[in-house]
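Shown next, in structure tokens, is the structure this report addresses.
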Amino acid sequence: MMTSQTQNPFYLAEMTWPQIEDYLKNKDSILLPVGSTEQHGPTGLLGIDFLTAFDISMAVSQKTKTLVGPVLPFGMALHHMAFPGTLTLTPTTYIKVLVELIESLQKHGFKKVWVINGHGGNIAPITTAFCEFLNFDQKMDLQLINWWHLEEVTLYEKEVFADQNGFHATCGEISTTMYTHEEVYKRNPQIKLQEPGAKKTTWPLSPLEFRKHFPDGRMASLPSLANAHHGKIIFDKAVDSIVRKIHK
Amino acid sequence: MMTSQTQNPFYLAEMTWPQIEDYLKNKDSILLPVGSTEQHGPTGLLGIDFLTAFDISMAVSQKTKTLVGPVLPFGMALHHMAFPGTLTLTPTTYIKVLVELIESLQKHGFKKVWVINGHGGNIAPITTAFCEFLNFDQKMDLQLINWWHLEEVTLYEKEVFADQNGFHATCGEISTTMYTHEEVYKRNPQIKLQEPGAKKTTWPLSPLEFRKHFPDGRMASLPSLANAHHGKIIFDKAVDSIVRKIHK
Amino acid sequence: MMTSQTQNPFYLAEMTWPQIEDYLKNKDSILLPVGSTEQHGPTGLLGIDFLTAFDISMAVSQKTKTLVGPVLPFGMALHHMAFPGTLTLTPTTYIKVLVELIESLQKHGFKKVWVINGHGGNIAPITTAFCEFLNFDQKMDLQLINWWHLEEVTLYEKEVFADQNGFHATCGEISTTMYTHEEVYKRNPQIKLQEPGAKKTTWPLSPLEFRKHFPDGRMASLPSLANAHHGKIIFDKAVDSIVRKIHK
Amino acid sequence: MMTSQTQNPFYLAEMTWPQIEDYLKNKDSILLPVGSTEQHGPTGLLGIDFLTAFDISMAVSQKTKTLVGPVLPFGMALHHMAFPGTLTLTPTTYIKVLVELIESLQKHGFKKVWVINGHGGNIAPITTAFCEFLNFDQKMDLQLINWWHLEEVTLYEKEVFADQNGFHATCGEISTTMYTHEEVYKRNPQIKLQEPGAKKTTWPLSPLEFRKHFPDGRMASLPSLANAHHGKIIFDKAVDSIVRKIHK
Amino acid sequence: MMTSQTQNPFYLAEMTWPQIEDYLKNKDSILLPVGSTEQHGPTGLLGIDFLTAFDISMAVSQKTKTLVGPVLPFGMALHHMAFPGTLTLTPTTYIKVLVELIESLQKHGFKKVWVINGHGGNIAPITTAFCEFLNFDQKMDLQLINWWHLEEVTLYEKEVFADQNGFHATCGEISTTMYTHEEVYKRNPQIKLQEPGAKKTTWPLSPLEFRKHFPDGRMASLPSLANAHHGKIIFDKAVDSIVRKIHK
Amino acid sequence: MMTSQTQNPFYLAEMTWPQIEDYLKNKDSILLPVGSTEQHGPTGLLGIDFLTAFDISMAVSQKTKTLVGPVLPFGMALHHMAFPGTLTLTPTTYIKVLVELIESLQKHGFKKVWVINGHGGNIAPITTAFCEFLNFDQKMDLQLINWWHLEEVTLYEKEVFADQNGFHATCGEISTTMYTHEEVYKRNPQIKLQEPGAKKTTWPLSPLEFRKHFPDGRMASLPSLANAHHGKIIFDKAVDSIVRKIHK
């Protein structure tokens, strides 16, 4: 039986409260992976954004011996709601959730939270949540890392995918999950996309307008360029970049 | 590298939106696992409630070919907040989150949601969220399953653990995760508890009162009775009970 | 002229603030009756849930010299909204109301609140409100009593009404108000129901579905079995049970 | 046994849903009494505002054969919170409650709601709630009646109490309840106030400032001038004024 | 180029934070002008309510050397929403905005806020916001001034416009802006209204009902009686009245 | 007397509702200027962000004959709250305000809103508000323009101020208001800053941390480099850039 069991001794969900109490005697930082459950074109997984955030965070956690929390798999994906399988919170609710998770961490004595984010639509509400939390005399070091925006990652993606990386269901994120979820891509239907998705247009769009402009969900990307080899490189670059930021 | 990859072809996060569109042509139900991240005594994992909800839901999903969504790992755990590692939403926010996830599912055409719950503190807010959602002319079949309350599960737990199963950090839930997360329990500190946790008292309690009454977090349970053998039996009984409900 | 005047010297609404100040020098508990205004089948009164909660609380108050607050006559009755006369709050608003009433009591120094509830649909939101209130370092003893769930009451109702007590507009609650509101039942239309209401079905239901499944509002009950004699016994059992809990 | 039973065949709480359904075939208006539970000086009852609203509404209901709902006994009494026994909702919650009650009435087909109010502090939030409800294409006739502001009432109070009627715990409202709650005033402590309460000052005030400025809770009133004789006249004038408005 | 530059050295928006810090060493009061953006009949400006509140506040500020904040141009104008150009907040949001602005002022040490209001529809929510803010142990002197309700203003308007002043788009407020915005009225279309607007009717009304009852937006007013001469007198009377209140 | 009167015939506040009705027959776009009231170092005006947004929007409006709404002078400035004079909304309230203003515009038939923003802290909540509004089947073209981010503006500022432009209280925004508010800068205290403000550090910061890191409020800027000459060029570049976007 395969279960949700992991091999990371710094994964909060697989630890006990006395272990967290011990951890807090020496360290005060934690990784909080967040993503989204939303369409990623005809071939990309609905869970890409939270699966990558979680897998990258787990690798960073092990390399830096930093605690990592459970992944929040639901984010702000309203604009993808015309594609079945997308699950979304409203921005206001998402902000409340983030503020309350940070408050929980603060109560226990954490002083630094690395929010490792896998979804572009989350950036504005996460930034907003940080402001909402940091009222008057609060003290908390809140760092947002959008892994696909890390310099090394964008440089590599530009080099190998150029313009066909696209803006949603990108070759980069699909490659990353082809590496981490190799068997899944094998068992899923094999679809060969020949043309990149529709070009980016006016923004923002409501769900119905989004589907009208981007009928298969991709935004300018050509996922057939994606593969597990690139995925491993991107994954490692993302992990290493974050590790360096933590060690700084 | 171990990743979050699973082997369940009905796990929404590892599927594409066209696959969900296809699924909805024939079926309209989905499993939504929810739990909590909260202390479970000196030996139990912080993630027990969502790990069990997820692992049980995944097994049910495979046996019944029913779609299963990502697990919501955060719930209503305010009363455990005096123990480090517990992460909680306020009940009001938790209700909003549930309502919005159900709304997302409804938009796509789902007609039946099985909320598979692993945490007692979630029951009141989930029930409340169902009411909040079912306004006037809504139509949605919302079923809450608290896996540890299933008749076969409670009968077995009573038989093997009797009074020492307890009310929180129970032998039953710890056994279940000793089965699903065997390696985790091996790598974690080995603690032998000789006495059951403090007896149940007045209820409800605030976080500080809770810790005062139940200093190590357990409520009347003696987790040293737990083991993976019992865990497998409980796990299978929970899965089979839910499968039968779905097939009914 | 008949007015809302009562004979209970411990009814807060008929006392002055200096009397409450005096009371708080010796005691710190209060009864807070809550109910609902909702359909109770073709013969039951719309106010049954709050009238019983209030009348029972008043009797308990006099017997125990415990302060009793005004009754909150509106609760969570969304599912009854397809029947005219039902008035409801959304669960979220109802939770806010309860939290703010408890906060008011706390400000004055009350340490124990007995919420005497007459409506099943209120249980989840009241429980949720208790959690919402009991944040971190609060101290407040919050006790929910659903009078029709008291052991002596259920035993008696089972004995005299068996399966025909039903789940809504029960013989038990109608009997109770036939005792407390004898003249009202005499002046209201005399309707003889021959068959029990529709059997319980899937749950929860939206208002329109509820009315479709339970066309006259009753759930499996046969109110023609109800009478004031049973009502007096039930009423007294409820009062005595609560009095014993308070004296414990 | 005295219970909450009344003699008004138009009291919604003592009617059944089919009776309301019948009523709505011919009429579409309802009286909704609202008040507050708050200090009324050393001699006035905490429930004055809702008891008067309810008793007056019941009399109006019988005379006009207009349906009357249960009384909402809690209102906006934040500024009285430094006196024990006062129970308050925040204005925002109170507005939500009112909007939801009006929505409930609208769902059943009511077209006119007479909110019969007994408390000055409720006026702004009730007015606000009416605006909140009357969004764009709504149609609902919402009438707020503050009974103590009715012209005949104020003229009479001015005539008999002059300046000593005051602004809170007024001779007028205390007289009214001395008429409706005669036995209560007899059983309560007999206190003879010789001087009127402190004069009105800057406004609004927070709870602590209020108690500082008005140490015994009265605002410029001399309740020893109150009696049941005046109360009967005031009560009748209030009832007759509202009856005339309804018949207009 | 004409810009938003003013000549008032006490206008907070044109000062620096060290200047405010200095001001607070000697004084602790501030003027906060608030209004609305809403239709004012066929000839009145949409901004009348906030333009008058701002211009009057600025004049008062200069005469009394009292700080004046920026004007909040949006208020509670739901009932005017059937006329293009009206912009509104819901009452609940408007209350939140006011409470947060007062909180900001309190944090800096202001002890007295004169809210100078130009719109009738704001009165109930502003009053409500004051209550919401003045929780328990707050200390803040909050004064609402509705400039058109000032005694000298109403007396003069009654004298010169009598019944034709009306209730909305009044001769008084249009005169005032004909004085302050003379060139604007010259460049706008010249419309001569011969008849007063429709008489006042039942109240409150939803937007669509409002437009049905008052087809051109005026309520009983005859704006052709308005002129800059009256406007100057009204403006000066409003300013002088407020100045006197501040100097008291 | 100087008043708030302007010379722009397309300024909504100085128009009548029939003029807006006419405008909407031919055009459906509007400019909505938004800013903040917050500290801008020892010499910058507290109103810079909304004054520039308004003055730039008014110039754009005249050049393009596009309607412009009143400016919202309050935004998300929590992090500046340790400096007197700053007024802020919480992000959540600010989002609600924006959504309701856009809803108002939509009700009247506007199809395109250009939000002209003068404050960096508003970007995340405005973006979030756009998402919140664009639910499912909405149709609305929402464009956010942060004027100081326009390419021509940033290029010029880099050229003339280089690194000393800074990140808050920048030479660019102070120059712009030295041009639009020349007399104000002359009448305000003349302060010569010799050194740039403290360098940028970790981000985000709470108010107290902000003031600790940036004691005089500037972030790396040297405002003594600012002057009205540069201001005119920057102002014109901003206006021209936006005009071009609108004409595109």
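The first chain written gets the first letter, and so on, giving A, B, C, D, E and F; residue counts start at 1 in each chain.
The rule is short, and it goes like this: a contact is a pair of C-beta atoms (placed from the backbone, for glycine too) under 8 Å apart; a residue touches a chain by one contact, two chains touch by 3 or more.
Keep in mind that what you see is a predicted model, and the values were worked out from it rather than measured.
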Comparison of D-E and C-D by number of C-beta pairs in contact, larger one: C-D
Chain at maximum distance from chain A, centres defined as averaged CA atoms: D
Which listed pair, A-F, E-F or A-B, duplicates the contacts of B-C in over half of its pairs: A-F
Interchain centroid distance [CA atoms averaged], chain B/chain D, Å: 48
Euclidean distance of C-alpha centroids - chain D vs chain E, Å: 32
Interchain centroid distance [CA atoms averaged], chain C/chain D, Å: 24
Residue numbers of chain B (touch at least two other chains): 81, 90, 107, 136
Contact graph of the chains (line, ring, star, complete, other): ring
Running round the ring (origin chain E, first step to chain F), the chains in order: E, F, A, B, C, D
Interfacial residue positions of chain A with respect to chain B in the complex: 1-7, 9, 12-21, 24, 37, 39-47, 50-51, 54-55, 58-59, 69-74, 81, 83-90, 93, 96-97, 100-101, 104-105, 107-109, 180-184, 187-189, 217
Residue ranges of chain A touching chain F (in the complex, touch as defined): 76, 78-79, 81-82, 90-92, 95, 121, 123-125, 127-132, 134-142, 202, 204-209
